[in-house]
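Shared between the two complexes below is chain A, which has chain B as its partner in the first and chain C in the second.
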Partner chain A sequence: MELFIQTLIDGLLIGGLIIVVGIGFSLCFGVMHIVDFAVGEWVMLGAYTSYLMVRYFGHDPMIYLPILFLIFAGLGWLIYPLIYRAVSGKRHNPVIMGLVFTFGLSIMAKGGALSVWGYHIQSITTWLSGKSLSLGGLVTLPALRFAGFIFGIGVTLLFMIFLYKTKFGVIIRATAQDRETASLLGTDVKKIGGLVYSLYAGLTGMSGVLIGALFSIHAAMGAKYCTLAFFVVVLAGMGYVPGVIIAAFVLGLLQSLVGVYIGGRYNLVALFIVMYGVLLITPKGLLRRGI
Partner chain B sequence: MKKYYKIVFLFLIFSFLIPGSGFSQEKRDYFKVGVVTSLSGELVFGGTVTKRGYDLWAETVNSMGGIEIGGKKYKVTLIYADDQSTPATAAVAGERLITQEKVDFILGPYASGPTLALAPITEKYKIPHITGSAESPLIWLRKFKYTFGTIPSVNLTAQAVITVLAKEVSPKPTTIGILGIDDPFSKFTAEAFKTASERLGLKVVKYEIVPEGSDYTPSISAIKALNPDLFAMGNHEKAAIEMMKISKELKFNPKAFVQHYGMTTPDFRKSLGKDCEYVFGNAVWTPNMNHQSTILFKTTKEYHEAFVKKFNTDPDYTEAGSTAAGIAFQEALRMIKATPPLTEAQKEALISALEKLDIMTFYGRIKFETTGESYHCNAGLQPVALQYQGGKTVEVGPGNLRRVAPKYPTPPWDKR
Partner chain C sequence: MEFQRETYSSNHKTSFFNLGILIFMIALLLFLPLFISPLWIRITTEVLMWAGLAQSWNIIGGYTGYLCFGHGAFFGIGAYLTGLLMVHLNWPFGFCLFISGILASFLAFFIGYPTLRLRGAYFAIATWAFGEMIRQIATILDITGGAFGMQLPAYLNLPFFYYIMLLVTGMTYLTTHLLLERARFGYRLLAIREHEEAAEMVGVDTTMTKIKAFALSAFFPGIFGGIYAYWVTYIHPDSVLKADITDFMVVMAFLGGIGSLWGPLLGAIVVQFIQRILWIVWGEGTFYLVIIGLSICAVVLFIPNGLIGLLEVRIHSPKESINFLMKKFKW
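Showing the complex of A and B:
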């Protein structure tokens, strides 16, 4: 019984981390129809930046979260016009153009990180690293993962409030639903896209702190988050932001339950079976609300 | 006249294309050595480890004027090709080095997966190839004629640490949980831990192989629930660090953590800080060994000093094994008095020379097996069990290889 509860907790906490990466990715696709292959590299760059900040300025990496958000939102803002150019105009297939462009960004980021920061595996430690809560002496709640979980839920809630309770959120949703009509009604689609991409880059860069502290930091660390982001967005329904929470928990619990009760080697198989199942049975995601 | 030009043009083209023709045969007085290893991707750390070992060999040889053959010295030039940490790219990189760069021989990749992909290519083109790093027994079971390796396969070495823990500590452990990553090296490391444990009477309560890059938390939770005395991990350096971090988060505190390769790397120590203390591991070489040689580096200490001077860090056994791979080629070339560029007949003779080679180096004895399951592997080196004590690895056995007594059982996380 203890193992089952621990497995559920592990799954929910893994899901919390997936939310952090998946939420911006989902919004980015929903509004701009850009499948950003470089999502994992934003995580990697965020992790490296926090590592450098700790190295040069000291302090706990968690306090750099707002600064990281600003840095990466700024970077996103600077890069977006290039992406916009790649996916707009008279391109035959803008989604593919975006995919290719961000794939290139991903390769450049990986290669650049390797050249600049080298091949060593780096690590950052927060005041929560290695700490855990023992619940009734039966199960363990790792503190840093729990912080990631809270962070994921908190960010999603803020996002939801922003999207559904503010005027700007309405404009973003209108752009996501119908870019042309929104444009005809006076929305600067390019500007909205730039702001959303900044938001996405800032959030994903920030998640690098948590992921870097939990695992390890190296130039190739982003690849698996790219895969996870794809999984979560397909399950959530392409572009449906609230679905990310449910999809991330489904993925986290699936990984945890399969890892413990069937075998870790079947984890990816299980993920693919679920993803294909969703694509075949309910292509608009688990909640049938995606594009 | 026009027809005449056409004939001359075609003749020139064919001259370049036909191997052995006057134009295609390079003339050079140095050895072109191809190196295929991981210079990017997931395994870039290990790839760089092998690169450092190969570089130190080439630089030391060249600083002495080159390899002396028949009274003349021939320098070596290393030509690198990145396998991007994937087997398929290793094969392509090797083919490019052989067909375009026309290298004389090849120093092989860091990991076993890329090595297993490169070996059929060196077989196809009949190019001698020594890996200074790969440890999967699968490589030697395939009996590649042109592939050799300086580090004994992991099934021969991983038992050292299990032997120490099963026989030489008190209270004796009775159970073990094993977690390995699904790649040719890590899987066989886990398999070797399992075989050694069963042979020595330990009960294997969980044996799990998981994909690289997955979140290892569920698997470690499952092992923790069974409360084994020992927790053994088959992995490379990155997973080695992550599995230790997750164990700490879950407050999983077995009597001993057992690793193989990952724990010997400086990044393991740097990333985990004091959490690397008490971790056990294996090696076939450490800088504390006292091998004597007449070739290149006269003692293990001399190699250690040269390495620290160049790279400002201690070498581990993979770096030493990579340098030893260069030494093996150098001595085999001297045996057959082959000068660059090597002809096909000389490459065949080089294989025979490598099979006959029996030398003492700073790394220990190099004598490649010529029969059996370790075909062309330098299987004779004796493995030593290591443990982190006071921030460095010390030899804790087995038997008379012990320099320091193992610290066992491992204290709880908050008492380290």
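Showing the complex of A and C:
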């Protein structure tokens, strides 16, 4: 019983962190109708950047979070015009072109990381690593996972306030709802897309720090987080941002339960089976709110 | 529409022309092993295999317009199934190949059924996840030898593999030509790719047509996987199930030109050539991944119709050709 409760809590804590990866990704799909296959590579690059910063400048990786957000938001801002170019213009099938373009980006990022850093596995330690909080003697909260959870929830709250309470958020949601009408009403759709993409890249790169500190850092880690992000958006309903929160917790619980009771080697199989079931029964996500 | 005229050869003149070239090329390749060294037979066999794989990807990715990012999984499944049937049950090679193809098709039906009912990116996501899952399954199962892989009975007969590869690749191209360029099935797929709602409106059963196309396109990688496994005699998850196989199929089809009969062949030749050059210059490494990714991005940005689109220059006057080329580079 204690193991079961501990497993549930671990799952929820991981779920909190996964929200950060899924939420930008989902918004990006909602606004631009692009599935970014490079989502896992953003996580990988974020983790490596924080590793290199710790190695060269010292200090705790946690204080680099805002800097990483700025770096990756900048990178996203620079890459976005190319993506926009790929999905617009005289191409007859923009969705395909966008998918293949980001697929190419992800191969490039993975290949570059493998060429530069090789297959070595790195890790970063923070002042929280190895510490834990005890909750009434029944369960323990690993401090780092708890920090990841708090970070995830905090970022999500900020993100939601931004999206639902500011004028800018209204513009983004309007663009997601109907691009053409939004652009007729004077929204610069290209610019909004760029801002959303850089916001997404910044969030995902930033989550790489905590993911890297919690697990390990290697050049081929992107595929795993790509699968997780896909799973989250399918469960949430493609493009439905609030659904991501529930889906991420479901994913965290599923991963942690499978890891403890069946074996960590089967997690992708379990994820695929659940995803298949969801697509078969409610293709618009658990809440039936996707597009 | 301008696009239709450019890339889809619907008139019968081009169609007979294509069939003629196809038969002529197969006839030429039949006699090729008599004149070249074993090294070149090996290289040609590999190019043939990739040309066939890229064409099989083209059936779903190019003709139907639904991107499959897990096509390498069918190749791996074919390789493992052929290996298992040959080692444990001692079944004849040809029959094993057939069974592998059928199983790959069946799995494609299984994945396509929920995802191809939906439009958009669901299919790409689900096939990608499927590919990742199959790789993990091959690593954990005992019967596949886990991460260590499995050994097939050795059969060192280079011309045999050359001819069987030629047979299956020829079959792939012939099927594409007959079923997708000339038959009603191909027109249905074209209608789906160009405007799915309109296709549904005029009475095309879009879901079933898409599933059929996907099953057809998965059949060939299953067979190629089986041939490859028997050819290299030792397979493991990192050789027949790695992500590179899908990546190569995508880059070959895109570089050559998707939705065209000759695009994947041209793409396979160019990519194999570049890969060999890179191998000579840098040796073993992972840098080729950067080149693959870069070329996919460059093709999407500059020549969305692929290299085959550039070759359609009509030589009336130099100025016209230059204008035509400038139009092709869509920047």
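Methods note: the second predicted complex is superposed on the first by the 277 of 291 C-alpha atoms of A that agree within 3 Å, B and C clash if a C-alpha of one lies under 4 Å from a C-alpha of the other, contacts with A are read in each partner's own complex, and residues count from 1 in each chain.
Assume contacts are C-beta pairs under 8 Å (C-beta built on N, C-alpha and C of every residue); 3 or more make two chains touch, one makes a residue touch a chain.
Here the structure is a predicted model, which is why all the values come from computation and not from measurement.
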Would chain B and chain C fit next to each other on chain A once aligned, or clash? clash
Look at A:223 in the shared chain and tell me whether it touches chain B only, chain C only, both, or neither; answer first, second, both or neither. both
A:268 contacts which: chain B (first), chain C (second), both, neither? both
Figure out whether A:86 sits in contact with chain B (first) or chain C (second), or with both, or with neither. second
Mind working out whether A:193 is in touch with chain B, chain C, both or neither, as first, second, both or neither? neither
Using the superposition on chain A described above, determine whether A:2 touches chain B (first), chain C (second), both, or neither. first
Just chain B (first), just chain C (second), both, or neither: which does A:212 touch? neither
Quick one: is A:40 in contact with chain B, with chain C, with both, or with neither? Answer first, second, both or neither. neither
Give one of first, second, both or neither to describe whether A:24 is in contact with chain B, with chain C, with both, or with none. neither
For A:111 in the superposed arrangement: first (chain B), second (chain C), both or neither? both
Could you pull out which residues of chain A sit against chain B in one structure and against chain C in the other? 110-111, 114, 223, 265, 268
Residues on chain B engaged by chain A in the complex (per definition of touch): 40-42, 44-45, 47-48, 85, 179, 182, 208-211, 213-219, 221-222, 225, 237-238, 241-242, 245, 248-251, 267, 270-273, 275, 413
Okay, in this complex, where on chain A does chain C touch? 29, 33, 35, 37, 82, 85-86, 89-93, 95-97, 99-101, 103-112, 114-115, 223, 226-227, 230-231, 233-234, 238, 265-266, 268-269, 271-272, 275-276, 279-280, 283
Would you mind writing out the residues of chain A in touch with chain B in their complex? 2-3, 6-7, 10-11, 13-14, 110-111, 114, 119-123, 125, 129-130, 132, 134, 140, 142-145, 214-216, 218-220, 223-224, 255-260, 263-265, 267-268
Residue numbers on chain C that touch chain A, as the complex places them: 1, 3, 61, 65, 67, 69, 111, 113-115, 117-118, 120-122, 124-126, 128-130, 132-133, 136-137, 139-140, 193-194, 243, 247, 250-251, 254, 285-297, 300-301, 304, 330-331
